[in-house]
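What follows is a set of notes on a single structure, which appears directly below.
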Amino acid sequence: MSAIGLNHFLALGAVLFCLGTYGVLTRRNAIAVLLSLELMFNAVNLNLVAFARFMPNLDGVVLAVFVIAVAAAEATVGVALVLSIYRNFRHIDLDQVDTMKG
Amino acid sequence: MIYDPNPVAFWLLAAMVAGCALAVVRARKLFHAGLALVGTLFAVAGLYGLLQAWFLAAVQVLVYAGAIAIMLLFAIMLTHNMMNPDLKSLTTQPWTAAALCLMLLAILLGGTLSSTWQTAPDTTLSPTWTPKCGFQVAEAIPSVQALGFRLLDPFTLPFEMVSVLILVSLIGALVVARRNPALPEAPEGREEKAP
Amino acid sequence: MEPIFEQFVRDLTGGFQVPFWAPMLVSLGLVLAFIALNAMFMIWLERKICGRIQRRMGPMLTGPKAWARFSMWTGGWFQTPCDSVKLLLKEDIIPAQVDRFGFMLAPVLVFMAALAVYVPLPISSTSYAQSAPIVVAVADLDIGLLYVVAITTLTILAILTAGWASNNKYSLLGGMRAGVQILSYEIPMLFALMGPMVLAGSLSLGDLVLVQHAGLFGVPLLGWFLVPSFLGAVVYLICAVAETNRPPFDMPEAEQELVAGFSTEYTAMRFAMFYLAEFSNTFVVCMIFTAVFLGGWTLPGFIPPSSLNLGFFTLPYFDLLAGMAIFFAKAYAVVLLLMWIRWTFPRLRPDHLMTFGWKFLLPLSFVNLLVCIVLAAIQQIYFGGNPG
Amino acid sequence: MSPDEFLPILQARFPQVEFRLDPLNPQALIMSASGVPEVFGWLRDAPEAAMQYLEFSTAVDSPPDCLCVVYSLYSYTHRHRLALKVDLPRHAPTIPTLSHLWENADWNEREIYDLFGVFFSGHEDLRRLMMPEDWEGHPLRKDYSHPNLTPRPD
Amino acid sequence: MMRQFPANPDLTVEEFELNMGPQHPSTHGVLRLVLTMDGERVVRCKPVVGYLHRSIEKMAENRTYTQVIPVTDRLDYCTSMTSNYVYVMAVEDLADITVPPRAEYIRVIMSELNRIASHLLWYGTFALEVGATTPFIYGFRDREKVLDLFESTCGARLLYNYLRIGGVSRDLPEDFCERMLAFLDEWEPLIREYEDLLDENPIFYNRTKKVGFLSAEKALAYGVSGPNLRASGMARDVRREHPYAVYPELEFDVPVRTEGDVFARYRIRMEELRQSARILRQCAEKLPGGPYLEPQPLRMVLPEGETYVHLESPRGDIGCYLVSQGTDKPYRCKFRTPSFCHIAVFQHLVRDCLIPDIMAICASFDVVLPETDR
């Protein structure tokens, strides 16, 4: 196995990102979509940190910290929405959640 | 100081990341998907360690796996009646989505692998950079102190903006998820409350 | 750990170069052995202390009656080995409708968390071979403190999985309660630890202890962080009791209400894992308290010589052993304090627990942070910074 | 006030209900089944009676014809007690409920219904209290027989 | 069952039923509480009883008057002395037998000792409900000493079968008074120790103050009696209002509190421990000599008639309604027991509270199931 270079990390990031999108596209359940969304965030972070390490400056890691913070904020709002949907419709099956009432 | 990560560690962690991510996407039970997500987060934290971003690894475990994933697990537990896991309505048209994602993967890999990045892995991180307040930065590669000063020095505005963002999302989430305020008080119980 | 281990092997075998994975395995073995022995000793100690507080004698029957005179204190010391053997031999039932994967994963996760927490904890320091003293710990990470708090997420995860996988209403409630409790006490704990971080200017536990040894404002006696960030120490101790689900914060296993909380369905070996993990967590919490607030393995103004000659035999690594002795003495003192709290307080109600945590401990830790920042600034400006 | 002082007042106020002293029990009055809610309502609310406390209510089965329901009232302010007995036919005894006056009556009446078979009209949740729901027969009746009930040998 | 919200009709919240008991570690005996829960909060509670129904009243109808006494022991196994006493008093009232004064004093001594034993048992289990394990051991350690006194007089520790119609079955052993006074001298300062364990403790304070509030009207409506009624402000003690036996000659005061919550009930019972000790000391001085039993024929026949007699048991106002038709067996014997009403009150009390509150409230009512199910 040759020495591990930047491309290995980028490839891994890409694979993770695609799996995330696959999850978002195919899952019916709202929370499963949120889970796959977290996957995509992680893929982005991985690339950022890989870049930060290989062209040596710290901005990538700083940006990664910000991305984690934003992902946290996004996830809270996402779960809040899911809970209120669950209160109204007793299930969180995205296909049937289409009324704008209430 | 030449930086070369241990290949065995890298391939092990990469396999774990891919495996857990697949599990998140394909898991039969929703709770297993949650667990798999936590597995991915820990594997990615390991990769950050490999890339010597120690602080980020700790933050990832603490914030991501410790708060966000746990919150999602709570959401799963709250919304999911325990007795019958929803096996039936799991995925919609899986094959078309898989084809789409593979095409996306091909494009991404084509783009990244072919281009040449001007990297200089064998130098320590920004040795010359010293923050204005004159406190000498430890020489070690991305040490916590260096990251700390980096966060506050050039990135002060984004740092404050993110804290405001988190506050706003917190309050927003509370308002959205709060139970309907017009909950009728139980007639009999209420006026019996202790004086 | 690596430099000391290599030095030790080089002394013994005269220059044999150790492969890079050897110190990891050795430290893993040491930590595992320590967890097992320490848990057994602490379970027995807990029952003895509980007995003495309730004016009875605790376990007395098992074990030989060697020291009859003070058998009141040493009687029954063979009790916990018997218990553990019993637990091992009991039938290991997995109920039918249980979610097998989650059910089996939970104890493993709990034990993983209990194991992983020991990494950054410094036991003592030795300068036997090299000139500068090296901190003796599995791996003195420079994000030690943050790592320790991060590992508690594993315990939360394990408890949630156990609660969920047991597939019964009571354990789900117990699991959720435990998760919420640990989560909401992690934040005041982190803020309480920020005080010492600011004072020491670093996250690694080794540096914390060295700064404490150097003393505050030039006075070695004030060095222990217990003195400058006293509020932080109190808040940390309360959060520690809550984190390890010990009374008066033991709602998750409150037998009266939820039968046995999240570990209702677990039997024999798996229950032993939870039980062992709880006790090893308690000891870890006490080790962190000693390292962060009680000046770890140092006594103010006392530096043990690196090797002591006892006339006919020079004892090498004496400073390592002395440091370890001091460290464990302090740690067990804190353990006794926790046990004393356990048997005297009634249980808190969950909503009191929440309001107490969020509305009382958190502001208190902010105040403590402010005090520490002021003290650190004074130390920095007038007394020329930290040795770290 | 003892029962014989109560007697004239009650007879004056409720002419259509006939009261008489109970020869066996000095503290009791025997009344007819009609007008039970009004009498008890008055007893509870009238200042001179002020019976806020229903101590207990039970039934005494005396075959062949009479099943008598007993109520024992106590007034906290006047410190006096009054027992009221109502005779009912044995085969289908029904009596209006008092659970709206005293909540204590709710469970007492359920127990009487369970063990004696007295039906309380107006009781919102008249179920068996002691016996399992699907139990037939009323155990405390004198003529109650059950396969595994063996009489004592003496 | 879905609970509709009037404000927003399509918003339904699913409540789930939770069964607590009948085999639950915290319910005393076999009580089952059907709780309708809304998340962590309890919305409604329906107690279900009848699991311990032995139909003592049916058994009493097939036994002669003296054979019923051991049956009444099982009525309330924590205080079987007072259950015996109430039945025996009813029979004596019907047959108007006068009991020799020494027997009266012995009966009062026994019921007060029984009150101390029952309150100590209550103290231990109540503290355990609230989560403190140490008081349990302290309470039971001292209760053992009281049970030793019982064992020396009537041979049994829990179900004594000691009283007879017309007096007591056996005289007190000679050194009984000295041993009892020795116990009291050693034990009374310990009450202060019990209170130190719980009283000033902020956690205990939060768990019991303003929890399980019972207003005086509701208490009367539900027929609550004893310490629980006195905690809601009604100073009603049968020993004071309708004095029986030798209570008129003894002076003791009746503790009353007005808050009506769990803490008030706890304080009342701790105070009653001291009053019982005071009564016992007076009885020990005034204990007269003379016969301890007015012998009665074994198969005694009572004249036709009915009577209702009641006295103060540690749990409340226990009564016996006895009907005799001139035969040697009671025609109808109804026991009015306090726990029967106290469990009924749970429907009203356990509402809009948390699960740990239920434990505290049920424990503070000192409920015993054999008494309820009879």
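In this document, chain identifiers A, B, C, D and E correspond to the written order of the chains, with residue numbering beginning at 1 in each.
Assume contacts are C-beta pairs under 8 Å (C-beta built on N, C-alpha and C of every residue); 3 or more make two chains touch, one makes a residue touch a chain.
Source: prediction; values computed, not measured.
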Quiz item: For chain C and chain D, what is the smallest step count along a path of chains that touch one another?
Solution: 2
Practice problem: Supply the minimal count of touching-chain steps required to go from chain D to chain E. | Solution: 1
Exercise. Report which interface contains more C-beta contacts, comparing C-E against A-B.
Key: A-B
Quiz item: Which one chain sits nearest the middle, judging by mean Cα positions?
Solution: C
Self-check item: Averaged-CA centre spacing for the pair chain C and chain A, given as whole angstrom
Solution: 34
Quiz item: In angstrom, rounded to a whole number, how far apart do the mean CA points of chain C and chain E lie?
Solution: 47
Quiz item: Per the centroid of Cα atoms for each chain, what is the distance between chain A and chain B, given in Å?
Solution: 7
Quiz item: Roughly how far is chain B from chain C, going centre to centre by Cα mean, in whole Å?
Solution: 28
Practice problem: Name the residues of chain E that each touch 2 or more other chains. | Solution: 8, 11, 13, 218, 348
Quiz prompt | chain C-touching residues of chain B, taken from the complex the two chains share | solution = 29, 31-32, 35, 38, 54-55, 57-59, 61-62, 65-67, 69-70, 73-74, 77, 82, 140, 143-145
Quiz item: Mind pulling up the chain C residues that touch chain E in the complex?
Solution: 50, 53-56, 169, 173, 247-248, 250-251, 254-259, 343-352
Self-check item: In the complex with chain D, residue positions of chain E that touch it
Solution: 49-50, 53, 55, 57-58, 62-64, 217-218, 220-223, 234, 236, 241, 304-308, 310, 317, 319, 321, 323, 331-332, 334, 336, 340-341, 344, 348, 373-374
Quiz item: Inside the complex, what are the residues of chain B that reach chain A?
Solution: 3-5, 7, 10-11, 14, 17-18, 21-22, 24-25, 30, 33-34, 37, 40-41, 44, 47-48, 51-53, 55-56, 59-60, 63-64, 67-69, 71-72, 74-76, 78-79, 86, 89-94, 97-98, 100-102, 104-105, 108-109, 112-113, 117-121, 123-126, 142, 146-147, 150-151, 155, 158, 162, 165-166, 168-170, 172-174, 176-177, 179-180
Quiz item: In the complex formed with chain B, which residues of chain C make contact?
Solution: 99, 101-102, 105, 141-143, 146-147, 149-153, 156-157, 160-161, 163-165, 167, 172, 175-176, 179, 183, 186, 202-203
